[in-house]
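A, B, C and D are the chain letters, set down in written order, and residue numbers restart from 1 in every chain.
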Amino acid sequence: MSGWTLDEMAARAAADIPEGSFVNLGIGQPERVANHIPPGFEIILHSENGILGMGPSPDPEQEDMDLINAGKKPVTLIPGGAFFHHADSFAMIRGGHVDVCILGAFEVACTGDIANWSSGKDGVPAVGGAMDLAAGAKSLRVITSHVTRSGSPKLLSQLTLPATGRGVIDRIYTDLGVLDPKGDHFRLVEMAPGVTVDDIRRQTGAPIEGSA
Amino acid sequence: MIDKICAAADALRDVADGATILIGGFGEAGSPTELIHALIDQGASGLTLVTNNAGNGEIGLARLIQRGRVRKLICSYPRSAHGYVFDGLYRQGRIELELVPQGTLAERIRAGGAGIPAFFTPTAAGTDLAQGKESRMFNGRPHILEQAIRADVALIKAEAGDRWGNLIYRKAARNFGPAMATAADLTVAQVCRVEPLGAIDPEAIVTPSIFVQKVVHIPDPISERAHIKELAAGQRT
Amino acid sequence: MSGWTLDEMAARAAADIPEGSFVNLGIGQPERVANHIPPGFEIILHSENGILGMGPSPDPEQEDMDLINAGKKPVTLIPGGAFFHHADSFAMIRGGHVDVCILGAFEVACTGDIANWSSGKDGVPAVGGAMDLAAGAKSLRVITSHVTRSGSPKLLSQLTLPATGRGVIDRIYTDLGVLDPKGDHFRLVEMAPGVTVDDIRRQTGAPIEGSA
Amino acid sequence: MIDKICAAADALRDVADGATILIGGFGEAGSPTELIHALIDQGASGLTLVTNNAGNGEIGLARLIQRGRVRKLICSYPRSAHGYVFDGLYRQGRIELELVPQGTLAERIRAGGAGIPAFFTPTAAGTDLAQGKESRMFNGRPHILEQAIRADVALIKAEAGDRWGNLIYRKAARNFGPAMATAADLTVAQVCRVEPLGAIDPEAIVTPSIFVQKVVHIPDPISERAHIKELAAGQRT
């Protein structure tokens, strides 16, 4: 069993995004998806804090702390981009205007439930925009390692951690493959090279259907 | 490459009979007259329109109503000096009217675009327009529950746009455009100017590209005021 | 009995507005109040259709049909003015940001109820922004002739026409004087020159208290 | 003549103990650090703050919390790399926290400013943050009822303002400023530039004058990033 690297996972997720889409990428691994959008292929990135048309990180000497992403890292604005306030920004999200949102996750259930805001043992709870994105994006996808660092499945029959949203996830990209939550099971859409259905079954806490 | 600029006929090709359509404008200011004429040519009928007014003379909104394409109007102020087309059909019982206070109309549309299905407002509490609406006290005052408005199509007029769909408006012609742009599956904006991408100041964009599906270039739109003067001159001769 | 002219009524209403106020003036007689704001005395006029800082009517050759007031008549913008959209404009109204609103009225009751949107026999009903203004302005005032053209009182114990708002009116300016609704009566604040309390009592459909 | 420009101390003179205060900013961007320092000097305590974050290092929001002036935080994301001040007090149970999803926080503030006492939203439905909230189905999906937030004071940062209180912002530092400006009895904006009346394009004004009571000129505001670097350097020596 080999599976995809972080960049291969991100490239696979990027390949599912049609040109012209408005896309919100969560903090961390989802941000990497932006590096795999082909040059000249127009995808418009949304940031919760009031940006459409977010571009790549600036050179260090060009950093502007008034132009940061949702993870509070300096970014740039590409031509055609716009600034707007927080209530308008979340109107875009809640109103179903963001075509695709890709989030990280602690757990995803085959019911489409996602847990990514509370590990259940955090000192200071924090939710940010996760629940708004989970409730509002037209298509909600997850990019995550297939199992936790300790080897436990993150794809489950039902969540063990506090939910961010219920019945909202359309697709999951992991190092082992691409899976869609289908209620009582995950449908296997694609497997990474060298990965078998058995590998995936063994590392998933819910039934798998399809052989990709 | 994203290019939302197209002809009006192409933008409106798929409008279905029975569609709900938001139409921008406060009186003449911001009224997307050329898009409405293209909608007349397209032929859809049995429409529900959401507008602040009911049109003047026999162009734009008034013409669409005159051609019998409109089943129902959701509107705040359907009465006007030259509004005889709607007036006549309404008195004959040939068009339905849902009267909505202007601010409630704007807020219901804004809610539709923002994913808020319903909200409480003090406006109209205790009046005839509150009839049949859920009521609740907040801060010691009565409020009523109002439902969001979402539509199949929004037709609006802006001053300038680019190929992504970013828009700026001109003076008080802004009015319902920005809220309506957010609340339809298909938002079509007619613009007097098409600007290159990046030419509109990102700090001054009023409607960001995410809310707009089609941009139609109408450099020299019809003046309703001139039309009304022509009508009056025609009646005098 | 003489009473105030339309301009004297408007001047009296204008005299109650402190500098720095944000003011919305209804269509018709209320518009005349703007003519009686002293030059250099800064009052900022709001128009429902998305204007703050509305100035006087332009010369005919300067008329711009994109710059009209709520009555759809051409206006101007003074330095410091701003444009905004309809939802934001009514957020200003409903949110209690407009300090003073002066409306016309068919009837006002001593309960503070106002009727100004439906004469009960209109062919085409129309409400516009009247109910929003009635519900939202910080101080709501009425400027109106004391009686109808046929001589019936417009100031009543209770409305006979459909209400625009309930318990919302603070003050009424008429050709005979200034009156405040006080629940079960009107308090007489001021009388126009030559007008007596008896004149007012005779032309008002509710109890009057005070001798101004 | 209207002149809302004044010193921070004058703007904040009447803030009472126990006040609810909206504080703008998303992380450092848009944070009104100098106004917060003036509030510390003013001395009000027992405050409820409504903010997106809980501050970094020991300036601005973090310093206000560190001085024990804050009873409760209504906040979406109070955790951050340099947020040890809030973190410590929270773990000791010395500060109360109401956790609110970021978009719900923005919308509750916007509703407060717009006279909407409550609205239904799908956000957080079915989660722990929906506990105790009224729930209702719309369009086949569960929604929860959220209440407006209004405050005694809003402290925000803008790029430029004029003597009437019109404001423009800079890039993503706009964030919570425009909504917060609408939802307080006393809105104080610190601005990097004061412009003559009429100099800001009326089409590009983001916060119109009606929402702002005081404007404080802070031409060269503190950089939180530089402060954090200094703290780190101090720890290394």
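One rule holds for everything that comes next: a residue touches a chain if its C-beta (ideal position, glycine included) is under 8 Å from a C-beta of that chain, and two chains touch if they have at least 3 such contacts.
Predicted, not measured: the structure shown is a model, and the values here were computed from it.
**Q** Show me the overlap between the contact partners of subunit C and those of subunit D.
**A** B
**Q** Quick one: which chain's Cα centre is the longest way from subunit A's?
**A** The most remote chain is C.
**Q** A-D or A-B: which has the larger count of contacting C-beta pairs?
**A** Looking at contacts between chains, A-D has the larger number.
**Q** Taking the mean of the CA coordinates per chain, how far is subunit A from subunit B in Å?
**A** Chain centres of subunit A and subunit B, defined by C-alpha means, are spaced 36 Å apart.
**Q** Measuring from the mean C-alpha position of subunit A to the mean C-alpha position of subunit C, what distance in angstrom results?
**A** The mean C-alpha positions of subunit A and subunit C differ by 54 Å.
**Q** Round to the nearest whole Å and give the separation of the Cα centres of subunit A and subunit D.
**A** 28
**Q** Please set out, as single numbers or ranges, the residues of subunit D touching at least two other chains.
**A** Residues 107, 110, 114-116, 121-122, 169-171, 203, 206 of subunit D each touch two or more of the other chains.
**Q** Show the residues in subunit A shared as contacts by 2 or more other chains, in ascending order.
**A** Touching at least two other chains: 77, 83-84, 90-91, 93-94, 135-136.
**Q** Drawing the touching chains as a network, do you get a line, a ring, a star, a complete graph or other?
**A** Drawn as a graph, the chains match no named shape, so other.
**Q** All pairs of touching chains?
**A** Pairs flagged as touching, ordered by label: A-B, A-D, B-C, B-D, C-D.
**Q** Over in the complex, which subunit B residues touch subunit C? Could you list them?
**A** 26-30, 52, 54, 76-80, 83, 86-87, 90-91, 97, 99-104, 106-107, 109-110, 121-129, 169-179, 206, 223-225
**Q** With touch defined as at the start, can you tell me which subunit B residues reach subunit A in the complex?
**A** 1-2, 110, 112-116, 162-164, 166, 182-183, 197-198, 202-203, 205, 208-211
**Q** Please name which positions on subunit C make contact with subunit B in the complex.
**A** Contacts found on subunit C: 47-51, 64-68, 72, 77, 83-87, 89-91, 93-94, 118, 122-132, 134-136, 162-166.
**Q** Once bound in the complex, which stretches of subunit C touch subunit D?
**A** 19-20, 22, 40, 42, 44, 46, 52-53, 77-84, 90-98, 135-136
**Q** Quick one: which bits of subunit B touch subunit D in the complex? Just the residue numbers, please.
**A** 107, 111, 114-122, 138-139, 143, 168-171, 201, 203-204, 206
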